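Look at the two complexes coming up: chain A is in both, with chain B in one and chain C in the other.
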Partner chain A sequence: MTKLITRRSVLAAAGATTALTTLPISMVKLAFGGTRDDFTFTYISDSHIQHIKGSSFVRNWDQGLKRAIAEANLVVPESDFVMFGGDLAQLGKREELDHGAEMLSHLKGKLHTVMGEHDYYLDLGEYWSKLYGPHYYSFDHKGVHFVVLNSIIVSDDWTFHRWPTAEQRMLEMAGLDNPNGSPFMVGLKQREWLRADLEKIGKDTPLLVFSHSPLQKIYKGWNFWTDDAEEVQALLQPFQNVTVIYGHVHQIQYNQIGNISFHSVMATAWPWPYPQSYARAESHIPVLTVPMNRADPFFERDATGWQLIDVNSGRVTARYQLWDNDPRTVAYNAKLGHPTDVSYQEPTQRRVPQFHY
Partner chain B sequence: MANCMRIAVAAALALAASGAVSAELLGLPPVAAPVDNPQTPEKIELGNKLFHDTRFSGDGTISCAHCHADDKAFTDSPLKTSNGIKQQTGTRNAPTILNAAYFTTFFWDGRASSLEDQSQFPIVNPIEMGLPSHEPLLQIVRTDPAYTEAFKKAFSKSGNDITMEEVKKAIASYERTLVAGNSPFDHYYFKHETNAISDAAKRGFEVFLNQGRCVSCHTIEQDRALFTDNRFHNIGVGVNRIQPDVPRLSAEFLKAKAAGVDVDKAVLQDAKTSELGRFAVTTHFDEIGGFKTPTLRNIALTAPYMHDGSLKTLKDVVKHYNDGGKSAGDPSVNDYLSGGIRPLNLTDQQQDDLVAFMESLTSFAYVGAKTKQ
Partner chain C sequence: MRRLFSVLALGVSLIAQTSIADEFNKADTDRWQQEFQNVVKNGRDLWTSGALGTNGVACAQCHPNAANTHPETYPKFQKQLGKVAQMWEMVNWCIRNPLQGANLAADDPKMTAILSYVAYERRDVKLAPGTH
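The block that comes next holds the complex of A and B.
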């Protein structure tokens, strides 16, 4: 059955645009893409490398990152660059950042990185900076303006005055549903920097913004949240074609707010559920229209993975490479004006529920 | 899709034709045949004849039964990988045909979708039976009186109306009779005969269900035990040997496949390409080095083990899993290892018990198989 489902989803992904082929569509596009200025980059995120002691690290998280890197290196022709979406480390330790950096060094192609809260709250990003440079920055590639934000800042009071040690601060922030946490934000300083950065850019230039936390408000209790999301969005809305890609949530999410398309990326470490499935009381978080495939806990890689991001005329197609599961593709749908999952949105193409037991 | 079209055929029909008794099905579900190929005694008999005919090979020496021998539990044990025409050696270990009737895909990489589909390939594979095409086979079955009679009885067809469709259907019908449950374990588990297996096997079953993590892929259900999930997993066999070559091999293979290379021939001719496993069929990176979960029934008879026959004994197999998919001398597991494989921390006793459990899966009907070295 695996074969049949896989083949069907590949065909669905192809739509009417590509001739029948046994190759995955991403490979076809990459191999025969022609001379357009479209391009592809690789996105790996949330590896949570965790130090145990000495030279010992959590095997499961190591294996996820290692596998993503090995597979990303097989893409032919090579993608233009690699983004790492944050939370390289679990508790911000040098051992973790070094071990993760050593693994990332095996990647082909230029690496850009995003700051995650697990990288930050031990030494406020100091060691991370030694490895990867500034916490926020921008660059241009093939006509697209890329912005990387550090979206996991919280109030000075929480950061500097709440905790007796840096280790405890890190531990408090590392818990997903810890009520002692604090809502993330980009903060005034970075918003001012962003305003200035974008002043130089034409409004018709496609913008691609990377953050660790969602630059939209999903669920405050788990920090699937950026407190000044509206202010950041207001700076982006004047542009005709904006995409925000974030990590942190360890699951596939997509959304459209005005001119801004949102995509999340998967973790290589472990999956999180959608918060609604966890909330006990009635809540007003956005409804999940397509249920996430249930992870099979026997396969520790199930519901984790990595992405190939195709940029076509500035619009994003996220191709999720999901281990022990079927690949998924979420692409901007010009007719509907928002991203859709190419195989799951059509009710006729959804997998029939199973009633076994 | 073939799956959806299947209907259950009364097991008694198939078994009556093969002379077996229904007790042989203890622990197994009824055999299902495709709607367009129901079991008949005439087809089964014809399939049996075709299966054992050495004339369907390039040099007249190799039949299907050459690698799937009746007296060796339908394997060529103890060979590591199979021998084809002109003393050629393939890249893969011949799996038993016993209980193949229950599989949903065929070959170690699942490149065939039914027994019918599968049966056509080894005949024309240059490493296996080595016919240049199916024509010489059709010439024989259209003219040899023994066959013309049999095809008339089974399909009401003669002359040029006999095609590979009928040949494939007959062979598949015969293979659907090669089912074997009824092992000591089946008596223990399904008939609750507490003394049917040894204490070591009972302890091994406990390990199989729990700490050994075996049952997640080698499945057991309430009323049946097929011991396979019909899926593909990279468990660190074969692929471990080609780790540095994977980028080159996968790129070359994708290019060759896009250019129309025959997967069936490519994977049996080149030892390294063979180790790409399921990836050769689906081209998903996720399936690099993945091979089909084999059934464990009669496993004690069919050494050596794994798709490449690289592990000599069941104890070697258990050790491999206990080491989390690492091969001897490997500094770490391969990059593409299945998320289901992890170190098990089994004691030597637990490993021996697991072997004892697997030895309890031999069907009474095949205890005498001549597969020992």
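The block that comes next holds the complex of A and C.
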């Protein structure tokens, strides 16, 4: 970023791109000045495209991804880019990754992708890489440094020596509550890469980190968990302004740990219960989190959706586009120093369906 | 004398038989528990396998550890069905829709297995019939 963005130039650009359309007022977020400007990107995640046989796929999951893509393409002004948060496939099959990639190819704008465990454990990400490139990487956009991690690595013993076939390994990992699973981690190799990547970055540069699993510990039994979360957090804490956005959990979560804000994103496929709904589990759902509504199974797309992520001077506002529900907005609250839901944060404002048991 | 003894013996055995209905010991309860656990295991296998439907989707995909099924709240009014429903009716709803399968009879051993698994995952939670 060398060019100074002024309020006037942003307004002029916005006017030029929206002359024939109506600009939603929530899109008008102007930078407070300086060399950073505000922008929006689209976040779609966890589509779990599931192959049945031949050319047939589970209709329900297809519909979720198709709907998210169709709606994202209608956003005006266009998002700067699109993130896909992982678990494009259900069992890592080429048919699933190809079918998902064909749908994603209809998206306007550049696509960045995150590796999910359902994409990985059949061939350890080989075919995914042919479609989307490296498993972890970084890039810069409008003054923000973006990092994409592959956080669904598990021990070498589990990956290479536990299962007779790759198909069996994939099936074992695909069961969320499978006691034969193994805790996710970023791993030493990637942590060293991250350390080196961040050395070049000024501590006042906003950081946005994408992972599939939460880079915090919520519930180990369902891998709402990253085993080396503390080590990864330690690499991020020196930066003044850090946000981690993760998929995997199929529900709204948010949190603040030191300088790091955390936001989860919704799945397009199906919702997951909050861990506290499993009476035998001990979970650590962040106290800040106001849960999404309990899902109504009679509305096929209830408690699924996609997100618009506004970045304002490096701080994130997650705007959840929830089908069959009112949208939710969770934004960094500068006064409180953590994300809050703009409508429901106060306990007196919460709705009955937001109570989970 | 011999005849009298036989009659007495018969009488004793009859008395013993009438008391059998109330007599069970730890070996019995252990066996019954094991019978139940076998059915729970069948239920868990069905829950996680996708065998109940036609599209490969498994109950566990949306309900890990059978969470968010709330067996303790049934029977309850289901606004979507417009009546007080039992849990097996909701299980069939899920088999027909997300799993694209066919209804099971209420007393189908597979339904018994599913309901056993769901209840077992929710053990120690207080009954709360009718709760939403």
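Convention: the second predicted complex is superposed on the first by the 301 of 357 C-alpha atoms of A that agree within 3 Å, B and C clash if a C-alpha of one lies under 4 Å from a C-alpha of the other, contacts with A are read in each partner's own complex, and residues count from 1 in each chain.
The working rule: a contact is a pair of C-beta atoms (placed from the backbone, for glycine too) under 8 Å apart; a residue touches a chain by one contact, two chains touch by 3 or more.
For clarity, every value in this text was computed on a predicted model and none was experimentally measured.
**Student:** With both complexes overlaid on chain A, does A:Arg301 touch chain B (first), chain C (second), both or neither?
**Tutor:** first
**Student:** Tell me which partner A:Arg94 touches in the superposition: chain B (first), chain C (second), both or neither.
**Tutor:** Neither: A:Arg94 stays clear of chain B and chain C.
**Student:** Touch check for A:Gln321: first (chain B), second (chain C), both, or neither?
**Tutor:** first
**Student:** Taking the superposition as given, does A:Asp177 touch the first partner, chain B, the second, chain C, both, or neither?
**Tutor:** second
**Student:** Looking at A:Lys217, would you say it contacts chain B, chain C, both, or neither? Reply first, second, both or neither.
**Tutor:** neither
**Student:** When the two structures are overlaid on chain A, which partner does A:Ala70 contact: first (chain B), second (chain C), both, or neither?
**Tutor:** In the superposition, A:Ala70 contacts chain B only.
**Student:** Need the overlap of the two footprints on chain A, from chain B and from chain C, as residue ranges.
**Tutor:** 59-60, 298, 300
**Student:** In the complex formed with chain A, which residues of chain C make contact?
**Tutor:** Residues 48, 55-57, 60-65, 67-68, 70, 80, 90, 93-94, 97-98, 100, 121-125.
**Student:** Where on chain A does chain B make contact in their complex?
**Tutor:** Contact set of chain A toward chain B: 1-4, 6-7, 21-24, 27, 31, 59-60, 63, 66-67, 69-71, 73-74, 76, 298-302, 321-324, 327.
**Student:** For the complex, which residues does chain B have touching chain A?
**Tutor:** Touch list, chain B to chain A: 1, 3, 104-105, 110, 113, 213, 216, 230-232, 246-247, 250-251, 254, 257-258, 281-286, 288, 333, 335-340, 342-343.
**Student:** Quick one: which bits of chain A touch chain C in the complex? Just the residue numbers, please.
**Tutor:** Those in contact with chain C are residues 48, 50-52, 58-60, 175-178, 221-222, 270-273, 275, 277-281, 294-298, 300, 356-357.
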